[in-house]
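Sharing a structure here in structure tokens format.
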Amino acid sequence: MVIDTQNERPKHRIQLSKVGVKNLKTFIVTERSGVRHHILPEVEITIDLPADLKGVHMSRLVESMTEELSDQFRVHSSLEEVQIKVLDGLSEKHDFKRGEIKFDFEFGYTSKTPVSKKRTWEVCDVSASTIKEEGRPFIHEVEVRVIGNTVCPHCMANNEGLTHIQRAIGSLRVKGGTMDIPNYGAMIEVVESSFSSKTYSLLKLEDEVHVTKAMHDNPLLVEDVCRNILQHARERFADRNLEMFAEARSLESIHKHDVIAQGRVVTNGE
Amino acid sequence: MVIDTQNERPKHRIQLSKVGVKNLKTFIVTERSGVRHHILPEVEITIDLPADLKGVHMSRLVESMTEELSDQFRVHSSLEEVQIKVLDGLSEKHDFKRGEIKFDFEFGYTSKTPVSKKRTWEVCDVSASTIKEEGRPFIHEVEVRVIGNTVCPHCMANNEGLTHIQRAIGSLRVKGGTMDIPNYGAMIEVVESSFSSKTYSLLKLEDEVHVTKAMHDNPLLVEDVCRNILQHARERFADRNLEMFAEARSLESIHKHDVIAQGRVVTNGE
Amino acid sequence: MVIDTQNERPKHRIQLSKVGVKNLKTFIVTERSGVRHHILPEVEITIDLPADLKGVHMSRLVESMTEELSDQFRVHSSLEEVQIKVLDGLSEKHDFKRGEIKFDFEFGYTSKTPVSKKRTWEVCDVSASTIKEEGRPFIHEVEVRVIGNTVCPHCMANNEGLTHIQRAIGSLRVKGGTMDIPNYGAMIEVVESSFSSKTYSLLKLEDEVHVTKAMHDNPLLVEDVCRNILQHARERFADRNLEMFAEARSLESIHKHDVIAQGRVVTNGE
Amino acid sequence: MVIDTQNERPKHRIQLSKVGVKNLKTFIVTERSGVRHHILPEVEITIDLPADLKGVHMSRLVESMTEELSDQFRVHSSLEEVQIKVLDGLSEKHDFKRGEIKFDFEFGYTSKTPVSKKRTWEVCDVSASTIKEEGRPFIHEVEVRVIGNTVCPHCMANNEGLTHIQRAIGSLRVKGGTMDIPNYGAMIEVVESSFSSKTYSLLKLEDEVHVTKAMHDNPLLVEDVCRNILQHARERFADRNLEMFAEARSLESIHKHDVIAQGRVVTNGE
């Protein structure tokens, strides 16, 4: 006979907002518009816990995921679809008012060098969450973090065109309903187009010359990169309902520290 | 003649919530109740940027800190005091509506082994922020993250007393006004008292036996640890006005993943 | 006309042992015995640089890899095969006496829960290198890092059976020729069998009870886990020529620090 | 009566090269030439374990350190002196043939901005080890890792002076006897002088213009930075007996990956 500790009364009757598993790894295959992605996300699944229950049945959280993903040859249409199914499956195993599942992973995509037109393989970081709340439609949050660069316009203006250049990281996070979330590729393009230049895994000398000239023609503060991301996202996703957050971070080449800028815009697509 | 790029109009007139420096290192000495702490924080200082200004004068953010901390032999009464002075100094160099300064650092304190009564040196992680907002009193946020452990009561109840044990991390974050913020030592005690047992840098055999027995007498789920932190904080800081957040994370010894629990309580001290 | 800076004389004529790219991401598919793996490694490729040459043509290092891996649908028989081809390709583009390519990645595999016999997905960290040195056969180094646990026998012996338990990490690194390197699965089994117990993504209560009992029947110091890995590897790979290194690390549940043990054995298979 | 598990025979009689504690934190004050440093190192202490003993008495390793450092107000002349005392103390508590103690920490030092002559606080990473081996004098290894930058001379030569610039990290590691090890400040100066330019926490516009011009006058490949470190170290420490290793790593601003260079020189001072 099993003693169900989780269903006992807790010593302190305090409601908990999130209880669950974190840092769990899994494997998912998706295919969208004929492009297949093999993804190895780090997973967090959590639910709320009412004040009068001692604990969550953690293994049911893991099972809700392994059951959905047990067939490693199954191809899913999107990670959001997987997350919705896992939360729907979980709601049949465990009570909750608010459940959330989050995937953190590296996302690979192809690009082309600007002059030599060679195909390259690029990678960025993505976080994707889905939230199921009682009586509300699913909400998703997706963030992409992409590497680019900044070229300081302030130094350039005061130094006869000489300036400092550095690696930078741009992030775009969007929050919205299932029909409103853009695909990752569109979000990556928004961020890449907001730097002094995109970066590439491979650059032959003719490409390097081209990129370096382009960077000098487009000097940007970290504030400019952040505003570019917000503006480009606002234009690109104008027909959707999204709350959008951006951060730019510049790994200053003349300092040991970084500089950052953060902002937020909202679209009310109609 | 200096060209002041920062004061130009930006291409996209979007207000930015936070612009500044991150990952800057400094050195601070504090002394409270006769105990001196030498702290090497990683610093983030940010201010908001209105929609019609292109950039922040980043060097003024750094200077506001270096001027306050230039004398490395100066002893400060607390980190909150340092943060208030830096933000006050910054407001004379640069306009802002909302300024924030955050220190992340390791905080050392002494403890005593439970039986052999040897003195030990323990370390935890602390994050401490101060926010200065136009027309409002200073707000502070302080978080301590302390290492302890959990002993699974569910397995113990179903397995003739045998169970699994693991390292765990407990966090307490408090938010409040300058007079309401507790000192770090009190916050650390709240978290340490919430685990199955405290942990120690040094344990002689008699201590190890004592600690292991104590752990088995106090089996706790990660949910229990989180609620303990919230309850102990609510009792200890009952006479203050604080919003308090806790997280417990258990590095499961029978899994590769972790389990977590998060919650929040508020005190309205009077 | 291109100025070939790399072929100039350097200011200081010092030979460099390794020059190249690091932290490059790529995507590889392998299939061995019908099991397909999709791998997203972080890549380091380096070559030596003689004292009288200023630099390495970095883009050729990247190209040697992108050319081999440009077809993302191509299935390779092993990562070692890919690494040999990349180094062979590179030797046609760039002179070197010693070239090395290293992949760091997460490796997923399936397991089964001990009692309920449910299929689980487990992940460990792998590092795999190949070295091509003038006039010598290829040398490979492969390391697997797997999560398990330890149960302290010293505390158990002095405490009427009560003890502390914790998560642990076991590593096995092997060095040898192309025919001698074992597959990852065999190395993972060696490490998993060396802990107090294996760990699982999913455990139903009957599994948890089983695992916890098994752990208490098999108390091991971190020294024992390290020696188990070395001994199990020596037995399992007795018919190969390998230099083998092991490390065990235990995330002590009664301390904030870890304890470690390292050792080395050699097999001369014949 | 204590059961001394550690002194039992192990199941597998394999000698272990390193057994001990890792990731232990402590607090040390040193003073050299009137400059006081407060250091919070992460500590690793290990000893070898013969094939016929089951385990190490871990608490004696911790005690050998806490006893030496129990008085937090005591000022030591150097970290090497502390490490020698800890290992000497340990050899009275525990048998070993080879003992090693390693400190990893952040080291702060003051600098001056190049034009405005303002005092700044800079921080770099240091690793410092001492090894005590039976019948041999103490051996020390010290590594400093300092942030600087690179300016690409190849792009500059092929692009009418335009080029890409980025943050870089330079490391110097020295290995030698107690009288041969240089102080950290001298090692940091060697690395700082090897970049296209030093970096600073604070730069007023006149400093930024100066630094940016200096960088463009001193374009360096990552290979050049590595050779500069080795050459500057060889000259500066010519009168000592040292084996010296350097690494330069450049966080390329036009790529997502880094480029690295490594080398080694030896001085036989007499």
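Letters A, B, C and D mark the chains in the order given here, with residues in each chain numbered from 1 onward.
Going forward, contacts are C-beta pairs under 8 Å (C-beta built on N, C-alpha and C of every residue); 3 or more make two chains touch, one makes a residue touch a chain.
Computed from a predicted structure; not experimentally measured.
Peer 1: Any idea whether B-D or A-B has more C-beta pairs in contact?
Peer 2: A-B
Peer 1: Counting in whole Å, what is the centre-to-centre distance of subunit A and subunit B, each centre being its mean C-alpha position?
Peer 2: Their C-alpha centroids are separated by 26 Å.
Peer 1: Multi-chain contacts in subunit D: which residues touch at least two other chains?
Peer 2: Counting only residues that touch two or more other chains, subunit D contributes 2, 24-25, 62, 122-123, 154, 158, 201, 203, 205, 256-257.
Peer 1: Which word fits the touch map of the chains here: line, ring, star, complete or other?
Peer 2: complete
Peer 1: Going by the contact rule set out above, which residues of subunit B touch subunit C in the complex?
Peer 2: 122-123, 147, 149, 154-155, 158-159, 162-167, 197, 199-201, 203, 205, 208-209, 211-213, 215-216, 251-257
Peer 1: Show which residues of subunit A lie in contact with subunit C when the two form their complex.
Peer 2: 2, 24-27, 38, 40, 59, 62-63, 66, 69-70, 72, 106, 108, 110, 118-123, 201-205
Peer 1: Enumerate the contact residues on subunit B facing subunit A in the complex.
Peer 2: 2-3, 5-6, 10-12, 14-25, 44, 46, 49, 54-56, 58, 153-154, 157-158, 221-224, 226-228, 230-231, 249, 256-265
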